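Structures incoming, each one as structure tokens.
In the two complexes that follow, subunit A is the common piece, with subunit B as its partner first and subunit C second.
Entry: the complex of A and B
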């Protein structure tokens, strides 16, 4: 057995994540019912053979909504982390290569400025300004991922740049961009992946929070956060409406956090030596 | 230690999102302490807090819910059936041509002890039409040519022209009688003539009224009444179950009705407000300016299902912009039955065989947001792809209501007899109809009630025929009270909670 699977965090995280990704992929080809189909006269039904987790306030099938919601959550995480990763790593490496010079200061101070604001609060501000919706929500969350990745990338790059082989590469006539792409990037990838999985969990949670507040994903697109919001009014009469999406969010966030923890240990060279 | 700490924060955040689920379990398990109820006090809860307490200074229904018939009175008033009854005026008469109205005042006093005189009435009505007046219903006073006070207890009002709804207007909260001496603090420390006087107002929370023993009517049963303001629908339910509220005048959480009905300590009454809930359509904009498009939309939207899904079936479906509470009401709900095939054919005939994309801008209330989701799904069945855009009230008022920057919206028009909005120029849904304008003029000049009703029916038929908007349902009024409390209005011909009619049994 591959030793990676024996790492408890990584193993558990991977299994949970496979579950979430599986649900999202499944929803592309099959859901028990049309997640948008309303059967108003069959609303708020408890779990049954036809609707395994019951129906919501408009008579929509909750299983189908949760499955499509998984796709939605993963998409949000992927795009938001992608934005942070691409811009963050580029800016972080740029700052590191011009360490101590004006570009470094300008980039890092600007990112500090973004970092100083509470992410979800500012996302609310951005969404109020530009209008609610999934696309704006993802961009807002993505923007707040940029400084996180940039700081990590800068610190990691500085470590790598100090290595002798980088100097050798420069002396051999390789340009700065070439060094960056060929030698530095591969060396900081592991760290970025670890950071990425933690930020993934944050992004999913942030989207759920924004949708819960009614400014994230808009109906009829199913979102776990909005399902929670809708469920709030039916807590006393139909608690399963809140429990199902709540568990889905908790499992997904847990999966990515465990995975991140496991990866960090596994990718740490000192751990490998042991 | 680091990995654990890193994990902990997001995990707790995830738990935070689970909190509603956990609260559900808590709610289901907790017991409900039965509080001993003193027989002459009452805690009455309502959804919205009034911004001010002067009913002549704003349109907010919450002002009237607190003050109407309690702190303030007019010459006449609406009773619970929407009939005009005497208030400060003991009796009245009109001249043969309907132009001169004489009101005989009863002996009454303001809460500061000063008597109510004809001069106070003259002052109040003249102030209401003054250019700087903030009165929301100036139309009530606009027909007035002059007010004379031949005796301290006699008011003589002369009208410019015959006005059929003059007395009905005077029964509204906007026609309150004030005293010139205390008008300055009417907004925050009102002094009126009603059975209850203002004591204290803790903004954001509650307002205390006490019985005014100098009132002209029979002595009310309740000595002191607290209004509490709870906007969150779930908190309203919890407050009722916990006994923090003796009654709620119009519960927001209609989905909790079954649960509250099952509680042996509470009585639930489903009544009607005057709130016609409609999908307002921008009639001035392509493609909605085409009657066939609006008709197709009407044929795709099943108002009975919208009523079920949006307000748990507690509303009353309507086929026009008119309240079933009014004697002139026509049931037009069968006028354009749901027929998807015909709807698609109409759309195709209008040049949209594949439908079109549009937006549905929704204000915050739950009835609007929920109706919006259902209506969007129903329109989707005939190819009209409506994107939902939620707005806050200020944005809605600015963009939709004032600037007419919208395709469709959903809102309840809560004023009584507000069908006059279809006769207005430049109203937000952009409808123009000489027929409706003419018929509305008739309702003002009709000499007999039969003639007036016929004019109202003509308007109803016309706006349904033109399918100006999609008419959904009347907003329900859900009254929940502890058993033993009697006298709350089951319906709201006007939003009001006259406390003098309440008593514990």
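Entry: the complex of A and C
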């Protein structure tokens, strides 16, 4: 067995993540009820054999909504991290390539500036144009992720560039871009994956906050954050509605945080050897 | 030193100006006609023109931008479209909730985070360390607004110790007002405290392996005395930097938690302004938040540069 599975954080994170991905995949083929179907007669029902976790104020089945919500959350994380990773790594490596020169200074200053805008505020700026929605929320979170990845990529690239084998590759006649792609990129991938895991967790939390505020995912798409907003209205009469979506967010975020921590530990000895 | 200060200050002013310009372009120039956008599609051209005149949106963009910037010093930030009152007054009034809420949360997260982190480092790899580290993982994973809802469920609806939401106002009932801020501040502080505890633990562990700690122990100080007198001060410097960096998360958190607890602060005002398409109000509020985040980061940077001259050179 691969020793990675024996690392407690990595193992626990992997198990929880399998759970979340399993729920998302399951929702593609099966949910106990149609998550969008409203049954006014069965509104705000407590858990029962028919509805395992009860129903919301429109009589929608909570289990079905939470399952479909997993799909929503994973999609958000994937796209927001993808945006941050692609642009962030490209810009960070570019800055490192021109270290100390104008491009480096300009790129990093611009990214520091982007970083000063909390994701919620970027989302608000974007939605004044296009209206509230999942896509805008994801773009805003992705934009916030760019400087995070860029700083890491720049620092990591500078570390790798100083190695002898990079000089050897340059002497062997490889162009700078070729060295970047063939030798540096593979060497910083591990670090980027670790950061990606952490940012994945951040993206899910940020989308949940935005949807809770009503400026993220819009109905009828089920979103855990949105479900918590709805649940708050009925907190005194139907408290069970406020438990499950929050638990789902917490489990997903925990999964990616643990996975990231585990990966960082597992990659660490190799980083020291270099 | 003077050159360092001037350079940093110039950089700060420039950053603030660019931030204001970006916000202004996004909210007032790029949408075309903000008056039409605020009134919606059903508005007649005459009423849109009237609103444009009323809100001072009919001048050239450059003049409006400069007027808006000047407004941050004179307090005249224009009229809110939805409230029809001065934006400057609205913001000032709401600060009485948001500022105490953020400071309370900041204080709570610092005290909780440093105490738990130090305890965990002092008992590294023992049971209490594992429990604290487990709790911090939960603290990082639980969304602050859900934690707020759970606190309401237990302490407001269940036990009735705190109000479930709302804010009577400092003048009307100071003690109830303070109590109304406790649960939201605690929910806001929780994720921050969790990450501060983790950082405190790791910097503290590093500090505790230093030679001067062994010297302090060798001269007869107890472990607790060594930590309090020698280790804590050194371990806290990186912790304070992280606290500064996290300030923008804290600020964003107030937006969410003011909405959970129906507190009449800036964050609730912002979400209401979005609901009412009140671009005039959104513009000043967003700049206010961003400027606060930028200024706090600059202060932390500056403090760090003054404390450690090696950091004045800039990026490495």
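FYI, the second predicted complex is superposed on the first by the 262 of 274 C-alpha atoms of A that agree within 3 Å, B and C clash if a C-alpha of one lies under 4 Å from a C-alpha of the other, contacts with A are read in each partner's own complex, and residues count from 1 in each chain.
By definition in this document, a contact is a pair of C-beta atoms (placed from the backbone, for glycine too) under 8 Å apart; a residue touches a chain by one contact, two chains touch by 3 or more.
Fair warning: this is a prediction, and the values are worked out from it, not measured in the lab.
> Overlaying on subunit A: subunit B and subunit C, fit or clash?
clash
> Quick one: is A:185 in contact with subunit B, with subunit C, with both, or with neither? Answer first, second, both or neither.
Touch partners of A:185: none, neither subunit B nor subunit C.
> If we overlay the two complexes on their shared chain A, which of subunit B and subunit C does A:233 touch? Say first, second, both or neither.
It touches subunit B, and subunit C stays clear.
> With both complexes overlaid on chain A, does A:108 touch subunit B (first), subunit C (second), both or neither?
After superposition on chain A, A:108 lies in contact with subunit C alone.
> Between subunit B (first) and subunit C (second), which does A:119 come into contact with in this model arrangement: first, second, both, or neither?
second
> Mind working out whether A:209 is in touch with subunit B, subunit C, both or neither, as first, second, both or neither?
Touch status of A:209: both partners.
> In the overlaid three-chain picture, which partner chain does A:264 touch, first (subunit B) or second (subunit C), both, or neither?
first
> According to the stated criteria, A:43 is in contact with first (subunit B), second (subunit C), both, or neither; which is it?
First partner only, subunit B.
> Tell me which touches more residues of subunit A here: subunit C or subunit B.
Comparing subunit B with subunit C, the partner touching more subunit A residues is B.
> Between subunit B (first) and subunit C (second), which, if any, makes contact with A:193: first, second, both or neither?
Touch status of A:193: no partner.
> Answer with first, second, both or neither: which of subunit B and subunit C does A:219 touch in the superposed model?
first
> For subunit A, which residues belong to both interfaces, subunit B and subunit C?
The answer is residues 201, 205, 208-209, 212, 214-215, 225, 228, 231-232, 235-236, 239, 242, 246, 249-250, 253-254, 257-258 of subunit A.
> Given the complex with subunit A, which residues does subunit B contribute to the contact?
That would be residues 3, 6-7, 10-11, 13-15, 17-18, 20-21, 23-25, 27-28, 233-234, 237, 253, 255-256, 258-259, 305, 308-309, 366, 370, 372-374, 376-377, 380, 387-390 of subunit B.
> Which residues of subunit A touch subunit C in their complex?
Listed in rising order, the residues of subunit A that touch subunit C are 108, 113, 116-121, 124-125, 127-129, 201, 205, 208-209, 212-215, 225, 228, 231-232, 235-236, 239, 242, 245-246, 249-251, 253-254, 257-258.
> Report the residues of subunit C in contact with subunit A in the complex, numbered from low to high.
15, 18-19, 23, 26-27, 30-31, 37, 137-138, 140-143, 145-146, 149-150, 152-153, 157, 164, 248-249, 251-252, 255-256, 259-260, 270-271, 274-275, 279, 282, 286, 289-290, 293-294, 297, 315
> Would you mind writing out the residues of subunit A in touch with subunit B in their complex?
Contact set of subunit A toward subunit B: 9, 36, 38, 40-41, 43-44, 57-59, 131-132, 198, 201-202, 205, 208-209, 212, 214-215, 218-220, 225, 228, 231-237, 239, 242-243, 246-247, 249-250, 253-254, 257-258, 260-261, 264-265.
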